[in-house]
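Consider the two complexes below, in which chain A is the common component and chain B and chain C are the respective partners.
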Partner chain A sequence: MEKGERLDKNENKNNCSLRNGLIPNSNYQNHYLSREKGDGPFVLTHEEQALKASAATSDHDENVDSSEEEPQHEIVEFFEETPLWVAILTYLGYAILILFGHFRDVLRNWKLEKAPVAAEPNKEGWVPLYQSFESFYTRNLYMRIRDCWNRPICSVPGAEFNLMDRETPDHGWTFKFTGGTTKAMNMGSYNYLGFAQTEGLCADAAVEATHKYGCGMCSSRHELGNMDIHTELEELLANFLGVEDCMTFGMGFATNSMNIPIFVNKGCLVLSDELNHASLVLGARLSGATIKVFKHGDVADLEQKLRDAVIYGQARTHRPYRKILILVEGIYSMEGSIVMLPEVIALKKKYKAYLFLDEAHSIGALGPNGRGVVDYFGCDPKDVDILMGTFTKSFGAAGGYIAGTKTLVDYVRHRSHSACYATSMPAPVAQQIITSTKIIMGLDGTDDGSKRRGQLAWNCRYFRRRLHEMGFIIFGNKDSPVVPVLLYCPAKIAAFSRECLQRGLATVVVGFPATPIIESRARFCLSASHTKEMIDKALAIIDEVGDRLSLKYSSMPVPQFSEKDEDFKKR
Partner chain B sequence: MAIIRRCWAFLEFWYYQYLLHTALYMLESWERTLFNSLLVAVFAMASYSLYLYLPGHVMMLVHFVDFLCNFITGSFNPTSALEQTATTAAVNPAS
Partner chain C sequence: MFNFLHMCGLAAEATLSTTASWDLYETIQALFQAPSYHLVFEAALILWIVGLLFTKSYSSKVNKLTLTDKEKADLVEEWQPEPLVPNVPEDDPELINIRTRIVDSKLGKYVTLNGQKCLNMASLNFLAMVGKEVIEEEAVKSLKKYGVGACGPRGFYGTVDVHLEEEEKLAQFMGTEEAIVYSYGFATIASAIPAYSKRGDIIFCDEGVCFAIQKGIQASRSKVKMFRHNDTADLERLLTLHAEEERKDVKKARVTRKFLIVEGLYVNYGDICPLPKLMELKWKYKLRLFMDESISFGTLGKTGRGVTEHFNVPIDDVDFISASLENALGSFGGFGCGKSYVIDHQRLSGLGYCFSASTPPMLSQAAIVALDLLKNTPDMVDRLHANSAYLHEKLSRVPGLRVVGDTVSPVLHLQLAESDRKRASAMATLRCIVQMAEEEGVALVVASYLEKDERHLPPPSIRLAVNCDLDEKEMDRVVEVIDHACLASSNS
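What follows is the complex of A and B.
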């Protein structure tokens, strides 16, 4: 935002404040489903029903009048509530586990049982070290089912991979390799566009880059680690994202945690979403700014907090905040939800705040041209002040970037802690990103990029539709490639992982503390390298395991989207 | 035999559901035995107490309802009704 730029110059048609997340009179129709307490799983308010009714009639007219209008985007997101009996059984399960956890702790304390656990020194007058709930949980719940995580992989994490077999003779405390490997389908790796490959253009280019530059950069960007390949990469990315300039870093987590402190500091306000990633939270905390959290995806709550911030200012002095920075993510990986970007942009323009958009999961995976959530909604990338993303997910590489205006990126080049102290991105990795970006943009002359994007989008819709039809509770937007399937009960976390692996499907299961304690889930990440046959096989396995574990909790009517929808075909 | 196999599959499925929902699936086998024994002991004690005391309590309830009905209709003989309930109460704890 330039100094002195007036708000009314921007094309912001709505003069009224946003209510329930709706923007009246805009091209973009939002049927955001609100969750009110006491209502069913999804309920449209009266306004939304009226809007939907008028949209149904106006849709038809618009298509007749102007065929070059972009298709109406319907947001379909579900966060079905936990069924009561499932919640009760989950709490019962946790209660029994906690009881037995205390019992085992007592046995270990009285030396009736020895266990390879870090022992409490129990010194007189010293504060105990291992009394927190996290520590108790790790010792008594996590250790029992530890074989579901940290499974060593011994091949490329593509659509199928090899897992090393392990066995645990003492219920999760130690592991031994049996020497064998298991081949399984991979539905847990962040391989959205299928670039995790050992053959192909990307791999060949990366090998050439290794021959030319070697593997390590041996210096930071400020010193002697700034190579021409980095400049090439940054120019290409700036072109891809539609912004003036871009800067890349060697590590995605560090891009957030090391660079947010240079944008905000004491006296600024950071408004961060409830479910933001640890890197964003760490960066915000390191900066020393005031942090206020708004409810996940709740634009009305964000607006209320912005109003309070502008009206009341800082805590005791009531001076205005020097800067207000809104931190949101494109796709939230634990929920599969997509941020309401047009509304957030409208809010930021109205209240003169800055927007930091973390597109870690959405860059490459969303949008008709693969340019992320900005492309998906058809917004102007110049409206987002700081665009951030990572290369781990869709590009098959590692690292992160920050993009925006030239002034912003020049400032980042100067002040970033990563640029000054961290080694720059290795050349083979940079080359992998360059080649994969060129494929996505179609600059290599083939239609491989658009085929990959099309396959991923088709996979998302198809997989989600089939899972909804089977009766599982799925969270998230119908277009998001991250699909969390809710498990709830603690024993089902382990049972799902083990039963699926037995049948040849490797999944990622998540429990507390990454999710709320009763909402444990299995998270599927779809990929462009999954063919329809693989997905059908995976769905058959999930169906079978779902029946065996009675996971089909859903009581809401099956949503009516599919991969055969008109708006999907028109993209 | 097919019937026995079906029965066994049915029981196995429901035992597995019980293990999953009470989180016994995650516990070691001796812990499961311990919990199952405690549960069986509690059920055994509860059913024995039911067997002992339920008939007596049901009879008392029946007499009380009878007493109430007589009271409501007006044609009641308070002494005999009370005697009946008193004698039943005296008999039960002894058995």
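What follows is the complex of A and C.
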């Protein structure tokens, strides 16, 4: 986009009302949050002093080999307000869609239009199984652009994959496979470290494990589903994470939803980030504890709620809470933002709360040693009471873990719903995790792990910087491998996805209800298996499609960071 | 991903249900925090709600005490939380089990348990699929094509052609319109129930259901009425009571969905649900019948199609059937099947389906191959039935034990005959029997329950799982070993 246009938009900016809350860093100064770690230009508040103190102690972490490796990064998170005219256009878009939806519903009611979808036969006296109200959105908005999701693949989800071609004769109601396939660049899978591979150490080891242990288990950990491979995995992971002990489960989602209820219950308080993953929300709900939600990434709001909870106790009775558990994620998968861990740790220490950190997207992908956000900020893993993560992302496997002190993990072993009632993790999956963790830790005797990390870190910065320069509005931390590009208008969701795919780039698009209604976005997940050539190709495609769809909305100055200082990680 | 779907769910619920005023409040608060032009834009619509919000927040402020800063600081200083977790004693049986009962072989008919070869009567490998070489070969082939993990949920490039094939074959096998696969057996029914049953709805549920169903019901936040295990008279009593209430409040009845949730074959009791009678009640009282067939799938009926085949009930009359692929098929994950309009709904509202990565393709492939085996060798199921009946018959003659469960059931519960024992002491005796059997080369297991979390704690028992590949000699040996162990434990 031309410079002139950008300037025009700059003027527009003053008309934008600022968003209070919902998203962190909400006023303009904070949009562009840039803080030197340690001696920043700001006056330090109490929290920051506490943060400094905790950072200082964490320097003694025995596993960090030398202080030169201490990452000297600034923490930069981006967020940009929706321009007013875009917001209006977006609402207009939805209004038209909803109007048409109602119109077509009327037609369908009069049998003038046929909806080729399985509907519940109308039976006298039976309450419909689900509200038609619930499906209005599905029927009239989602169906039209359904081809952008659930695209089946027929190869390994590596840097590139093969999509199965399908066509729809009736605008999204039904699909038919044509039998052909399309090769596309994969920026949709959570393959951060590129371990989705069909050959190499991991695959070979997994094949061997399949032959040795078979595929299934048919038993739980409390019964007969305990294999030596699980013990090996858990010891290795505890070592990797720098904690005393660790336990693994067969599904990441269930790791949250089936374990949070054992930590808190009635009379306890859960403080949950408003954008937390469904599994965390479900776990908190199943626990029976009081749930309070704080604004995404907003440490001040968290402190306010914590303080109130400690001072005023439970609602109505004012009895003190029995314990308070803070639930946060490392990297938020829709925002690309990274939790301000040192500040959260300082808070939880100040108010004696407990911290549950979900590292689903960050473990392996962040930090100089790949140990997630804890490593990224140089914090002490012992300051996080419950470390949780999943293996579906960076490890190219499946399942999840809970890690922490021996007391904690023993209790999990004893009490976890998953350990007692659910089948334990299949051996090939466990083996894939063992081998990939060894590679990440460098125990395989090569520098493959640190190369992957270096490539990913470089890719993140480079990709993000270039998108900023092109003028897209993107969210998140400069080091986050999840890169959301804002699309806003509902029509652009499908257009962006289809145009990109046509040019050979497969990406994820998301709209309401996964995002706020006007903040539809495309999301790119970077991987260590993407080379610079691929990234450049992808950027060219995004640039072209962005111009065609006029997506370059940004009116903020291009942030100053570069991928150059990532070089040290390549080694 | 879809981080907001649950919030939207709340919003939808709030608009639908009058009781959900707290959810409504939260939703509105979120709107309130949107930029001011959003507000202007939507103000006309939500003005009355804002009023509601205002009164709420006002009243909550009034309730707040006024404290000085010093007092506040003192309170923060003074508050001491309970420890995050209690200490688990070192001699906790579950801990000892996880630490010391370690298998280093396939969990097939025979296992190497702590270095000793044992006949495996503990894992739910009914059709002996674990350990079949064909399955492993195909799984490895799949691994070499797709890698291990699928690296994404079904919506975002995590759908692999193998998953589609798996769903198609399962639907075909069960004779339903559609099937949906989940990546975890436990998550299947636990996600399916809250996809339909919402706050304000009512669930009639058997007391003896497994933990996954209990969690699903809890997540749905619906009203629950439990009837005594397999007692249709008790169920009917509850239903007539409810019909009475409905007559009083016709308006509410018109929007309240009613569910009947049972297990096909109860894993905790080894008995089959009285399906024909349940069907009758279903039609009479207009209930949606959800049935979990995690144990009965692949084991009951002439060809392993489950309880519906066992009773010869048309499968379409059951609204939703779910089952785990982790038992009879010896793979990983679970599936649900039924009419398309039922199943399709889960593809956008099944939490465990939308928000979790899909099953590793190699394990889906293993399930496909196992299903093909089951289809092509129906005598597997016959053998299983014969073995179950045989073991049932023989074990019921062991003095000191009571066998619980139907004779066709591949799950048998062995309880101590003297039923007045305290739970802890009964558990200790059972553990002792298991220990002695293990020394004799038979791996058994005491059924494991979370005593503090179960709604209705089943009595202590040894849960025996029958395998279709057992021969008479092996079964006789099992009975003999159990007999010895029983005798020895009652003498000691």
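Keep this in mind: the second predicted complex is superposed on the first by the 474 of 571 C-alpha atoms of A that agree within 3 Å, B and C clash if a C-alpha of one lies under 4 Å from a C-alpha of the other, contacts with A are read in each partner's own complex, and residues count from 1 in each chain.
To be clear about the criterion, contacts are C-beta pairs under 8 Å (C-beta built on N, C-alpha and C of every residue); 3 or more make two chains touch, one makes a residue touch a chain.
Being a predicted model, the structure only gives us computed values, none of them experimental.
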item: Partner chain(s) touched by A:F475 [first = chain B, second = chain C, both, neither]; value: neither
item: Which superposed partner A:F463 touches (first chain B, second chain C, both, neither); value: neither
item: More chain A residues in contact [chain B versus chain C]; value: C
item: Contacts of A:R144 with chain B and chain C, given as first, second, both or neither; value: first
item: First, second, both or neither for A:A422, with chain B first and chain C second; value: second
item: Touching partner for A:R548 - first (chain B), second (chain C), both, neither; value: first
item: Touched partner set for A:F240, first chain B, second chain C, both or neither; value: neither
item: Footprint of chain B on chain A - complex, ascending; value: 89, 92-94, 96-97, 100, 141, 144-145, 171, 489-492, 494-495, 548-550
item: Chain A-touching residues of chain B, taken from the complex the two chains share; value: 13, 16-17, 19-28, 31, 35
